[in-house]
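Handing you a structure now.
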Amino acid sequence: MITLLTSICATAIVYAVSILYAAIGEIFSQRAGIMNLGIEGIMLMGAVSGFLTVYYTNNLVLAFAASILVGVVLGFVFAFLTVTLHADQIVCGMAFLILCSGLSGFIGKRVTGIASAVKFEKIDIPVLSRIPVIGDIFFKQDFLVYLMYIIIPLSIFYIYKTRAGLILRALGENPASLDTAGINVFALRYAYVMFACAMTAISGACISLSYTNFWNEGMTGGKGWIAFSLVAFSRWNPWYALHGALLFGGISIIGMNLQIYLPGVPSQFYGMLPYAATVFALIITTGSFRKKHTEEPAALCQIYDREDR
Amino acid sequence: MEKTAILEMKGITKKFENVMANDHIDLQLFPGEIHALLGENGSGKSTLMNVLLGIYKPNHGEIFFNGEKVNMKTPKNAADLGIGMVHQHFALIQPLSVAENIFLSIEKGSFILNQQKIEKQISEYSQKFALDVDPKAKIWQLSVGEQQRVEIMKLLCRDSRILVLDEPSAVLTPQEANEMFKTLRRMADEGKSVIVISHKMNEVMEHADRITVLKNGRIADEMLAAEASIERLTRAVVGERDIAQVIHKPQHQDKDLLVEATQLRVFNDKGLVALHDISFQLFEGEIFGIAGVAGSGQRELAEALAGVRKISSGSVAMKGVPITNKNIEERISMGISFIPEDRLKMGLIPGMNMMKNAILKEFKARDYSKYGILRNKSIRALTQSYVQRHDIKHGGLDLPVGLMSGGNQQKLLIAREINGKPLLIIAAYPVRGLDIGATVSIHQTLLEQRDRGACVLLISEELDEIFEMCDRVAVLCDGKLMGIRNTDETDYGEIGRMMSGESA
Amino acid sequence: MKIGTLRFEKKQTVSLYKKILNPIVFIILGMAFSCVFIAAAGFQPIAVFAKMISYSFLSAKGFSSSVNAALPLMFCGLSVAIAFKMNLNNIGAEGQYAIGAILGGGFALYGPDLPAPFSWIAVFLLCALGGGLWALIAAALKAYWKINETIVTLMLNYIALLLLDYLCYGPWMAPKQTTAMTSTIPKSLYLPMINGISSGVFLAILIAVLLYLFLRYTTVGYRIDVIKNSVRSAEYAGIPVKKFILIVFVLSGALAGLAGFVEVTGILHRVQSQLPRGSGYTGIVIAYLSQFNPLAVIIVAILFGGLQNGSAIVQIMGVPSQIATMIQGTIMVFVIVGEFFNHYRISVDREEKKGGART
């Protein structure tokens, strides 16, 4: 029983990490005021570019870098459309979703279904991995998971404890106030969007370079949407995103396993839970009936045009 | 007392298109003084301060700081010199705490937020200047008065030496305003200099050391606060005027009661009481003026009567029918029309064309729609009739209203509002910012409406306009009704006194 | 704003001519650019495009399948167009489509038998009702509690799709089937085909025309326009904004539900998992490209239907199946860029002396 639970937890972590990269990236982006609906597509692009690189070079470092690079480039284009050209963010997100989904399938055509020789292997952390139970769950994971162990506290610290983090929070609430103080709102938004897309691309790489070691069209299977819902569910807070990701991961894995024990409950029900949970979370955290201030960044999705001031 | 001025502005001139916002203004500021800049809207106070802060570049003039000439190219120059401003609209980030907001505004601060260091500094200044601020509170939890204190604290934590406050008491209760001035006095005692922009004569006489009055971009008067009096200030702010040129004057003696307002209590957007249980009556066939300094509750009164704002307690009845709880649609059909203060935010839609704006209130009327289908021909004809009757200049009926000049926009708005032969026309600052031609035309229209038998509630900040146009005038001060007079039985002095808080 | 020496100023008005010409020009530019992708796959772009166009639009058989493929897209496009016309971000067409199909399809499969016209009307109404009710959830949350409808409709999409999945793999799964689909609906409920084109297209065109006239010429359309431009002015004029949010959103959902109607009764004749296949999202693209004009939606939808169709044909030549989505995506990006030029005037900045009233 313990081993079953342990393996469920360990797998939940893997699942959680694969959506956390994108979710945390998007948290940064939305806190800066930009909503990117194309996450699913960018994830696919990250997955396919990482896979292609590793397939041809057998070099994981290069593959990881390629994923990030693709994310940064896509992020730049998205930022250009939304920040400089003042285009509607929802429409741009849709465009990216469709384009990237198609493009990823297109460039991945030749390597579909073929396994790569290399993937991110599990590394046992010395000493820590010997701890019973905890060690098996947390310290027998691969590089991408360990990287996330660092990213989470770093992002929490960044957002809540540094000047740059305060500026980020102000950016999504009231960009005009920053602009009048002479801070370059546009450059900041570009930076955060590119960061978000890079992180999203890494999420994709998690799937094609770690979770599995092959590529299939559309292999993210909706994880991008789960990551998106995680952003709102977590109230734009990386700490809660971590919990949410583990929760969603746990639910989906338990769901798969519980099929055997609880045949009455259809598997799709477990699939619905993250989405329903997000709607409820939104109601609780942003509904106008609340006495407290809404947690949603006030300037989210709004076009900031200096001339409108 | 020999003191060298810390700040000298010489010959500041700033022109916007054809408007001379500042006309060769000289201003001196000494350390340790509270200097009041008094004047009505449009007198040039804000422009002058924006020049000081490096937001505007003047066409002519020089600024000297501690005797040395300085070039205010950008707001950063002003900030570096230690000049800071608290604007009317606060630049605070709502979900962040006070400490976080202040930390954010300190440019030379560290990268990592040191909560304790900031809190220590805040409590230090809190004590020193009697500025009560809770570093841990989130901005959205604070009242407006408290938020303003945060803004002041921001400036203190940046070691500002000259602090400019723009209409600081506009959002405060009288007690809060007193507290704030106490704080300012402490700051002045520490050697800082404070410039307070205001239009409240009483407060300025009580709390400032020196007063400079601006009118129409020029210095109208300058004095020590000790030498000031309401008369002297009123004369400077409003100008020497005999109640000459009276365009109207046939007084209809037997007028029917139109509106009866009893004990109206209305709240403003910030949750403060805007109207304190006021009562008044409006009669048919009169122009009833509402005078008062900005922020005395006029806007809330207009909106409450129009139905845009809720009446918390009290009642209003029109021709005997209670309308307190009636919604806007019902009030429109009862004959209430509203010319709002901010015509482009409410009242006209700049992105839509003239015809679509013209029928905003009447699209359901049989003339303009049948079974829900708009009758474009008659709508066009209606708009044309507006254009002709009111001499509205435009680039085309199909072009967006946003392209029209202010005067013509207002004429269109008014044409629409009077079309249904309303019984009550609420006009809030109808000619503010308009040129002479449009002003005369609009005044003429309002007078015609009065002669037709309607009641015009005219809110204005120009005493000239009040005396020229109105039959009776009520004065609001801080949400209280100070008194109601017939215009031919009073004068500028009395109204001015009531505006500044002396009860009748 | 300035980028380098180029100064951009917001335009106040755009002539109708430019409004229509701009997206057309950029659609063509987008298609031209996607030739790069085709060439990268090792094919002759002109040949590929020629084949797609000649099949999808110039051959009788191809054109009819293009129109059929476009049918659900038309309804999704109309759905999104009407929502966006009032600044309501209804991303939920996908889910509303699914729920509409569930309700209407469910009735067709398991409901009581009704005589001819009533059975169709019943299915029609149920599809509309399904989509409308599903949209109502997000609409009410927005109208009363100001909750972000973008996220809510998105979440509801996946809940709806999972529900559809469950039904098609589970209780409704056709006997002896291995894929997630139901048995076919009774033949009596098949929407007739005319020359290979589903008669549902007439329904679509009719609704599009009605919508266009409705938005342009009625007082309701007028009020929607006012609300979109300025909620404050709408309130000032006594327009009940909350009511309108509910009505327009539900109408939008109903239209998406009708996509389910035409798909289930007219084309597929059954209900299956993943029925919408992204039409809800493509509908957003179509609505945007049509500038939210219902008549244009029909035309753009046919273009996209033709693209989808054409890409199936050129797959035989070996061109990758993703070509359709890539072309769609590229066109979309180009049109977005093009829209910018419609809103901003470009001029080269000569060094100005700072003296102007710049805040």
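As written, the chains take the letters A, B and C, and residue 1 is the first residue of each chain.
Everything that follows uses one rule, which is that a contact is a pair of C-beta atoms (placed from the backbone, for glycine too) under 8 Å apart; a residue touches a chain by one contact, two chains touch by 3 or more.
Nothing here was measured: the structure is a model prediction, and the numbers come from that model.
S.K.: Farthest chain from chain C, going by mean C-alpha coordinates, please.
M.R.: For chain C, the chain whose C-alpha mean is farthest off is B.
S.K.: Count the C-beta contact pairs for A-B and for B-C, then tell me which is higher.
M.R.: Greater number of contacting C-beta pairs: B-C.
S.K.: CA centre of chain A versus CA centre of chain C: separation in Å?
M.R.: A distance of 27 Å separates the two centres.
S.K.: Round to the nearest whole Å and give the separation of the Cα centres of chain B and chain C.
M.R.: Here chain B and chain C have centroids separated by 47 Å.
S.K.: Check each residue of chain C and list the ones that touch at least two other chains.
M.R.: Residues 359 of chain C each touch two or more of the other chains.
S.K.: Hey, which residues of chain A end up touching chain B in the complex?
M.R.: That would be residues 160-167, 169-170, 173-174, 177, 180-182, 292-293, 295, 298 of chain A.
S.K.: Of all residues in chain B, which touch chain C in the complex?
M.R.: Residues 16-17, 55-57, 59, 306-308, 327-329, 332, 338, 340, 345-349, 351-352, 356, 359-361, 363-364, 369, 372-374, 376, 399-400, 402-403.
S.K.: Give every residue of chain B touching chain A within the complex, in rising order.
M.R.: 74-76, 91-96, 100, 103-105, 109-113, 138, 140
S.K.: Contact residues on chain C for chain A in the complex?
M.R.: Touching chain A from chain C are residues 1, 3, 9-10, 37, 41, 89, 91, 141, 144-148, 150-152, 154-156, 158-159, 162-163, 165-166, 169-170, 278, 281-282, 284-285, 288, 320-326, 328-330, 332-333, 336-337, 339-340, 343, 359.
S.K.: If you look only at chain A, which of its residues touch chain C in the complex?
M.R.: Contact set of chain A toward chain C: 35, 37, 77, 81, 84-88, 90-92, 94-103, 105-106, 109, 217, 222, 225, 228-229, 232, 266, 268-269, 271-272, 275-276, 278-279, 282-283, 286-289, 296, 300-301, 305-307, 309.
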